[in-house]
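Take a look at this one; I'll ask things after.
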């Protein structure tokens, strides 16, 4: 457990790495969400158009 | 000297809608080009695009067979623009407003006093524009047109805010302008009776 | 090509005419000029009320407070730079004018500086004295404000041109311009502070001058491009 | 070469190729990051000056570097779009902004966490790099706010490209003016990056490479969405979405 504690700095170091993970995941999640939303919007619109024809 | 204004395969898409596609026209000195269509169909966008205020999706506008994008200054030196929003300052007097335009453009040989007289605004010279009626303000804008020495007139809905007499006056002025070798591009949703070689472009 | 009679006035005429018209408009509507000045004075009054009237503190923070207030006042006045022109159609007329647009824009910006920046320069000594600034430093402060507000007007005109015609233009303008304006304030306020502590302050003045010249030569082009885009 | 480039720049091709390409950037990127993180956290010996806190730089430096690279990409592709009217490059600019803002935020946070044990404060106003990074974050916010407040996509593209270009000139000036300013106020002796042993530097380089690859993958994904959104009225999108196998 000594390796993880890193002297007195463990909390600082680990929080930085955790934050990095959080932000990378957050960015990817947002990107995926937006892609899904754009895709679905187009799909709904096209289906509606098709039904009218 | 004769001039030529032409458009080649103009296409404009605004936001969701394609306003017009592959639209072409040609206009020579002495001619009148009328852009027709219902309200809100893209007439204003088209006339703004021809005047170089909107960038087109595709196509080129030519002035004297040279793309206007390559000679913006020359092209704009040859035109005046009249639209619903007159571009006149309500806080300034008629003379101050026209004096500003006077400093930017080539001047015609017309006598300003005669022009004011003819447009029926001679008495209003010292008043600030805000105190004039909408119709009178349109007449001031017309005076600006007449006092500039340019071959090409752009008029976007020139008949709004004008009474019968005013409408008649605009038609007369355009007729005269075309008869003396000028040319005019006009966007209008009403019928226009002007005695000049006319080309019509209809937008769906 | 015998087109002798058609002569378009030179670019200097265009510059002077636009500046003159805007000055005339400001003369007829003095409120637009006075409001930012009152705002400037008000912010400078708020500060001592918030942190206390101790002479030492005021002397120390005076340059910074005056500069921040000047920056905010300029920002306030920038809002209306192109809005009225956009609304009444004058902007269209400028865009289809035979004069080069950057020159006309420069004329407008010049008028803006004469009606917003320059009055600030002349009002600032009164407020500076209430902050117990020595007279020798007041001169330096006026010089930095004069140079700095030129750059602020020019830089701000880009932001005003980008946001003209947008619904939430006012808030957006501050968001766009403040980060860009930060270096001007850093240079100006710190040059005054240095002068107040009898240090060498000329670096700040030279840098402000260089900034003003650079923005004089570049900003009008950016503003012109932005105006053409915004008015589409 | 030109032909290949044009093909790539055509929206349907790009849409298809980017989906294939993105994992090929993301997976190696993640592997490199994981390896470098393990090295940086456990293997590399601790710094004699900063102790174990220096391990933060393995995430701080790459995110700071990406925050600037994203801005460069955003500004240059905006300029390319303005000059040569290439639509794809505007999509690149639009896609780069949120990623850049994310990494700028990360760089600020990690810098601040590193500063607490080193300087004894969460935020050191006197450090020119922290200030530049903060102003960069404001520039990103302004850019995204301008983009989202203009409804017409073409107009938003052009206006934000002008803003990004004005901003890039300013980033340089901001940096120098903040440096001058902090030299006046005797900012704390900041930690110098030049003095690093090779065995400390190699994980950092691997980390930089890994972050770049990951960034590339994220950028491709977002450009793909942008392309889809901008081409929503076209025939190829219609055919792709209505075809039985779809194409998400």
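Miscellaneous remarks
By letter and in written order, the chains are A, B, C and D; residue numbering begins at 1 in each of them.
FYI, contacts are C-beta pairs under 8 Å (C-beta built on N, C-alpha and C of every residue); 3 or more make two chains touch, one makes a residue touch a chain.
Since the structure is predicted, the reported quantities are computational estimates derived from the model, not experimental observations.
The chain closest to the protein's centre is C, with centres computed as averages of CA atoms. Distance from chain C peaks, on a Cα-centroid basis, for A.
Between chain A and chain D, the centres computed from C-alpha atoms are 15 Å apart.
Centre to centre, using the average C-alpha position, chain C and chain D are separated by 33 Å. Chain B and chain C have centres, each the mean of its CA atoms, that are 35 Å apart.
For the pair chain A and chain C, the distance between mean C-alpha positions equals 42 Å. Contacts with at least two other chains are made by no residue of chain B.
Chain A has no residue in contact with two or more other chains. Counting partner chains per residue, chain D has residues 152 touching two or more of them.
Residues of chain C touching chain B in their complex: 1-3, 5-9, 13-14, 16-18, 20-21, 24-25, 28-29, 87-93, 95-100, 228, 231-232.
Chain B meets chain C in the complex at residues 1, 51-55, 73, 76-77, 79-81, 83-92, 96, 100-101, 103-106, 109, 128, 149-150, 154. Partner chain D is touched in their complex by these residues of chain C: 155, 158, 162-163, 166-168, 172, 175-176, 178-180, 182-183, 186-187, 190, 194, 203-204, 207, 211, 218, 222, 225-226, 229-230, 232. For chain D in complex with chain A, the residues that touch the partner chain are 37, 41-42, 46, 51-53, 55-56, 59-60, 63, 98-99, 102-103, 105-106, 109-110, 113-114, 116-117, 214, 218, 221-222, 224-225, 228-229, 232, 237-238, 241-242, 248. Chain D meets chain C in the complex at residues 135, 138-139, 141-142, 145-146, 149-150, 152, 155, 158-159, 162-163, 165-167, 169-170, 173-174, 176-178, 180-181, 184.
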